[in-house]
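Take a look at these structures.
Two complexes, one shared chain (chain A), two partners (chain B, chain C).
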Partner chain A sequence: MARITLDGVGHAYGTARGGAPSYALKPMHHVWEQGRAYALLGPSGCGKTTLLNIISGLVIPSEGRLLFDDRDVTRLPTEQRNIAQVFQFPVIYDTMTVAQNLAFPLRNRKLDPGAIRQRVAEVADMLNLTADLPRRARGLTADAKQKISLGRGLVRSDVAAVLFDEPLTVIDPSLKWELRSKLKAVHRALDLLMIYVTHDQVEALTFADEVVVMKDGAVLQIASPAALFERPEHTFVGYFIGSPGMNLVPAEISGSLAHVAGQTIQLAARFGALQGSTVLGFRPDYTQLARGGGLSVQIRRIEDLGRRRLARVSVGPHEIFATVPEGLSFEDDRAGLLIDPAHLFVYADDRIVDGRQERDVAV
Partner chain B sequence: MNDKPYNNRAWFLVLPVLGFVLFSALLPMMTVVNYSLQDTMGNNHFFWNGDGWFRDLLNPSTEMGARFAGALVRNLAFSFAALAIELPLGIALAMCLPRQGFAVGLSLVVIALPMLIPWNVVGTMWQIFSRQDIGLFGAALTGIGLHYNVTQDPVSAWSTILVIDVWHWTPLVVLLSYAGLRAIPDAYYQAARIDGASRWAIVRNIELPKLQKVLVIAVLLRFMQTFMIYTEPFVVTGGGPGNSTTFLSIDLVKIALGQVDLGNAAAISLVYNLITIVICWVFYTIMTQLERRGQETVVVA
Partner chain C sequence: MSLELQGIGLRDVRGAVIDDVSLVLERGSMTVLLGPTLSGKTTLMRLMAGLDRPTSGRVLLDGNDVTDVPVRKRSVAMVYQQFVNYPSLSVYENIASPLRVAGLPKAEIEARVQEAAKLLRLEGMLERSPAQLSGGQQQRTAIARALVKRADLVLLDEPLANLDYKLREELREQLPLIFAESNAILVYATTEPTEALLLGGRTVTLWEGRVTQHGVTHAVYREPANLHAAAVFSDPPLNRLGLEKSGALLRLPGGRQAPSVGVMANLPDGPYTIGFRCENASVGEGGGLSFPGTVAVTEVNGSESFVHVNVGFATWVCLMPGVHDLEPGEAASVHIDMGRVFAFDGSGALAGSPAMARSA
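Showing the complex of A and B:
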């Protein structure tokens, strides 16, 4: 049980031509607290597995320091770090029974046999493996094997952290929900720091207290699932979280006005001169289609998703998703777009920019 | 569903192969069977002997039976000794080989080198190598005061043949084991490190179980080759001193070509062949059983 501190940790596999290191993981500073569940979320190749392997010690970072509480473990080998990790594909010891598999990490650490038996029974009970305990591990299904891998990750109660590297990839979809809620329950019961790598946002959002969104070797935002949805700090977070993702429309910002394809939108705040390309971001969930008023748009298509209706509309060359209020219908393809100003954000070079509140300026 | 033309004339396409097998295997084999059932006093004059040769052969109290049993026991002992050395040595070497970089290619080539040398060349090399007067190996052993003489001392002769076989064919076990080891996904090693497994625990619980299939193949190949060993003892010891290195094939050639005792030689050939086939069949059964048990896990994995 520990707090993990990433102090400038970064990793480059060799250096690019010209001397600048080519980072798989850009140097970062973060503190991850004991007892919380973190999900590393991002597309393939974003560096999330590299970060996980740095924490577990399978990769030694090319720069920075890694601390467990106040202990520097940057160069410590895996076996001395007191960490548990579950891999994408089930890793089981073929020749052993399920019980022996679960006991293996404890036996290697020379625990008392009575304590091992008790702990194995607890973990097996947690994962519904009790009936399989005396069976040979090699004959089981992939689901059961991955449950054994999970069990080996959870069997040590004294670990600094439990790491999961996309552990539910091979699991049958109907079992995924069950296992995910199991993991959540285990997390609550054991009070462990858990780090969970995934590229599935549903998995990340349901499992984690805090989601670490990564792209191109950099952390874009660390926040609760709600905060990621309500206030994405990076356009990629807005786009990646939510289905469909955030609308991102290039706009020119001057003062408290935004100009989009010849039309003007009133912003809730005033902005100074902004560097780089500026983009307006607003979620379809906070954007409503109306008969008139607001931004005048052309309807491309309205999709009935059952629970709600979603419209694809266009403003000049830009495409936007918006919610269609219940009962509303349109005679032609002209409509108005109403954006909730509290959920309308301005991004400059993909990073969120905070304006000054209009009333502050007025005073 | 099955609208493919049905035409039995396609069987004629098998005829060339049948003809080939007839001349390459069946006819020579039947000649041997023919010899094994008859006796001759020369002049191409044969008479029926029934199962006489076989009864002699399989009864150790007869002269031929004792001779055959001796050679068979020596041969089995040699095969087991060679396997007992080559398998652990080959696996251990494979585990020590580098996993990446240019050193992989280099060490594989160096290790595989002995396998590329023809048997009789190996035999000749070692015959000179083991000579007490001019051979480096023999002279060195004699120099440090060991009693080493391939032509007079059975222990020297035996151990020399064994060393030759180990030197010549351990590389095969190394290559097979190395391929098997490389097929183990990295996650297994990573998981073992995280589980705090010792090196020996990794060998016992991950590497050896995963090597099981290639090891069965290695055992089969090495057993067959050592069971049929001929050239090395023929060139280096000539089966001696006495008959201490007279293995089955050496004895067979002595009887067939040295003594021109066609009946006995034919009977020995057939029994020898039968033993080989039975052992092959046993190994094949074990292998397919392993395969089947392995497949259950492959299908769901």
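Showing the complex of A and C:
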């Protein structure tokens, strides 16, 4: 059990001659606390796997220090770091039984047989593997094998951290629900520091206490799932979180007004002169299509997604997603767009800008 | 033009892999094969393509028996889950390859490659090699190759499964538009209900090698013909409640009784399984049929929360709008609106649904 400190940790794969280093991971400071669950989220090539590899010891960072509690482990090999890992594909022994597979990490640590039996039973129970304990791993489905891998990752209670590298990739959608909720319940029960790498926002948002959103080797925002959704600090976070992501519409901001394609939107705050390109960000979830009022838009398409209907509309050259309220239909392709002012944000050069609240702004 | 499967079966040493499948697919249509891993999606596609020969039944193309016609003599294009491109060829040559094989004139090849590249947003990348592309671009190259061929039958086998979440979301959005233009018979295999809903067209639900339902995608979603079709077409998983109807009463697990209302009102006596999706159950306050339980886990995803509630005999997933952080172990009751659920009879066939209740 430990706290993990990233003290200016960064990694450059070779430095261009005489030029600036090319970072796979830009130097970052952060502290991960014992007992909490973190997700590293971003598209391929964002640096999340590099960061995980630095923690596991597969990569020695070119800069900075990595501390487990107060111990500098930056250059220690993996086996001296006291971590457990779960990979994308099951890593288990086919010839052993499920129970032997789960016990393996504990046998290696020479725990006494009674304690091993107890811990294996406990973890098997959490993952619904109890009935499978006497069976050989060979012949089990990919899902069941990955469950055993998860169990092996969770069976040691003395690890500094458990690292998960996209562990649900091979799992069917319906089983993902089960495993995700199991993992979350297990985390609650076991008081372990967990770090989970994924490109899947649903996995990140549902699993983690805090999500680290990354792009091009840089950390863009570290926040709770709710905060990432409710108030993305960077346009990429807005786009990447949510399905579909945040609407990002170029706008000219003057005072408490935004001008979009010849139309005007009243903002809930007043803004001074802004540098760089300015964009309005608002989520489809907080944007409703109406028969009239608000921004005048043209309907391109309405999709029925079962639980909800989503409209793709356009304003001038810009495309916007909006929620279609239940039961509402349209006679032609003209409609109004109502944006919840509490969930409408202004970004300048991709970073969120706070305006000054005004009491008498009518919305 | 149409492709018809007549009582197709495929047996191997394990038994029936595909069991008595009959389907008619029309030109210019999109058919989604929806089912979990190992339900037979890929096997069925291979039989459609002529890559494998069925052990029973016939495959007809425009009424002609093509069961014994090998794949190279049919007009088929296929896109796989793993991106397959020629690593030594440029993106341009990868897309052009089936046209070169067919011996098309140069100008025609140029026109078709440029058109497909434009549709799949690969214009600036035609001179690169596949290794220099992202996963999404590589898969778009493979899709472009399937498209330029203008095959009669285009088979897409979980084409987005290996892509990043966001890329998947974008391509999912574009694919129906891209393929709306082609006049082929399109077949698209997926494990994901949301993907089927976005693609539209028609959906075939598969379960253990058998077709459990075939119909217009949104109609199948709203009126699943049986428990297997409903289960395959629900994400989060379908919640289930076994009960027995006896006169005006429903006998519930644990010996409780409740009035027989909603979709159950006009059904004959007997055992039923109630199937309901997460949005048809509310947690906390609410009317309808109530079950006391405890929170197993809460998953907050954006502006919605999925609350897993243990009601003793089952754990159900319920959707709550907004962000709620209910603690595990906390008491929570689930309320089911019996007017919005599905009732399946003892054989698993749909016996009662909101639409049936309305028309009754």
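The working rule: the second predicted complex is superposed on the first by the 333 of 363 C-alpha atoms of A that agree within 3 Å, B and C clash if a C-alpha of one lies under 4 Å from a C-alpha of the other, contacts with A are read in each partner's own complex, and residues count from 1 in each chain.
Rule of thumb we're sticking to: a contact is a pair of C-beta atoms (placed from the backbone, for glycine too) under 8 Å apart; a residue touches a chain by one contact, two chains touch by 3 or more.
All of these numbers come straight from a predicted model, not from anything done at the bench.
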Open item on the list: Quick check on the superposed pair: does A:Asp172 touch chain B, chain C, both, or neither? Answer first, second, both or neither.
Closed with: second
Open item on the list: A:Asp94 in the overlay: touching chain B, chain C, both, or neither? Say first, second, both or neither.
Closed with: first
- [ ] Have a look at where A:Gly47 lands relative to chain B and chain C in the superposition and call it first, second, both or neither.
- [x] neither
TODO: Mind working out whether A:Pro61 is in touch with chain B, chain C, both or neither, as first, second, both or neither?
DONE: neither
TODO: Give one of first, second, both or neither to describe whether A:Gly281 is in contact with chain B, with chain C, with both, or with none.
DONE: neither
TODO: Determine, under the contact definition given at the top, whether A:Gly217 touches first (chain B), second (chain C), both, or neither.
DONE: neither
Task: Contacts of A:Phe104 with chain B and chain C, given as first, second, both or neither - done: first
TODO: State whether A:Arg188 touches chain B only (first), chain C only (second), both chains, or neither.
DONE: second
Task: On chain A, the residue positions that both chain B and chain C contact, one per complex - done: 142
Open item on the list: With touch defined as at the start, can you tell me which chain A residues reach chain B in the complex?
Closed with: 56-58, 77-79, 83-85, 87-91, 93-96, 104-105, 108-109, 138-142, 145, 149, 152
- [ ] Write out the stretch or stretches of chain B touching chain A in their complex.
- [x] 185, 187-188, 190-191, 193-198, 201, 205-206, 209-210, 293, 296-297, 300-301
Open item on the list: Going by the contact rule set out above, which residues of chain C touch chain A in the complex?
Closed with: 36-37, 134-135, 164-167, 169, 173, 191-194, 197-198, 218, 221, 231, 234-237, 277, 279, 296-297, 299-303, 306, 308, 317, 319, 323, 328
Open item on the list: Can you tell me which positions in chain A touch chain C when the two form their complex?
Closed with: 43-45, 142, 172-174, 177-178, 180-181, 184-185, 188, 199-202, 205-206, 225-226, 229-230, 239-245, 283, 285-286, 303-307
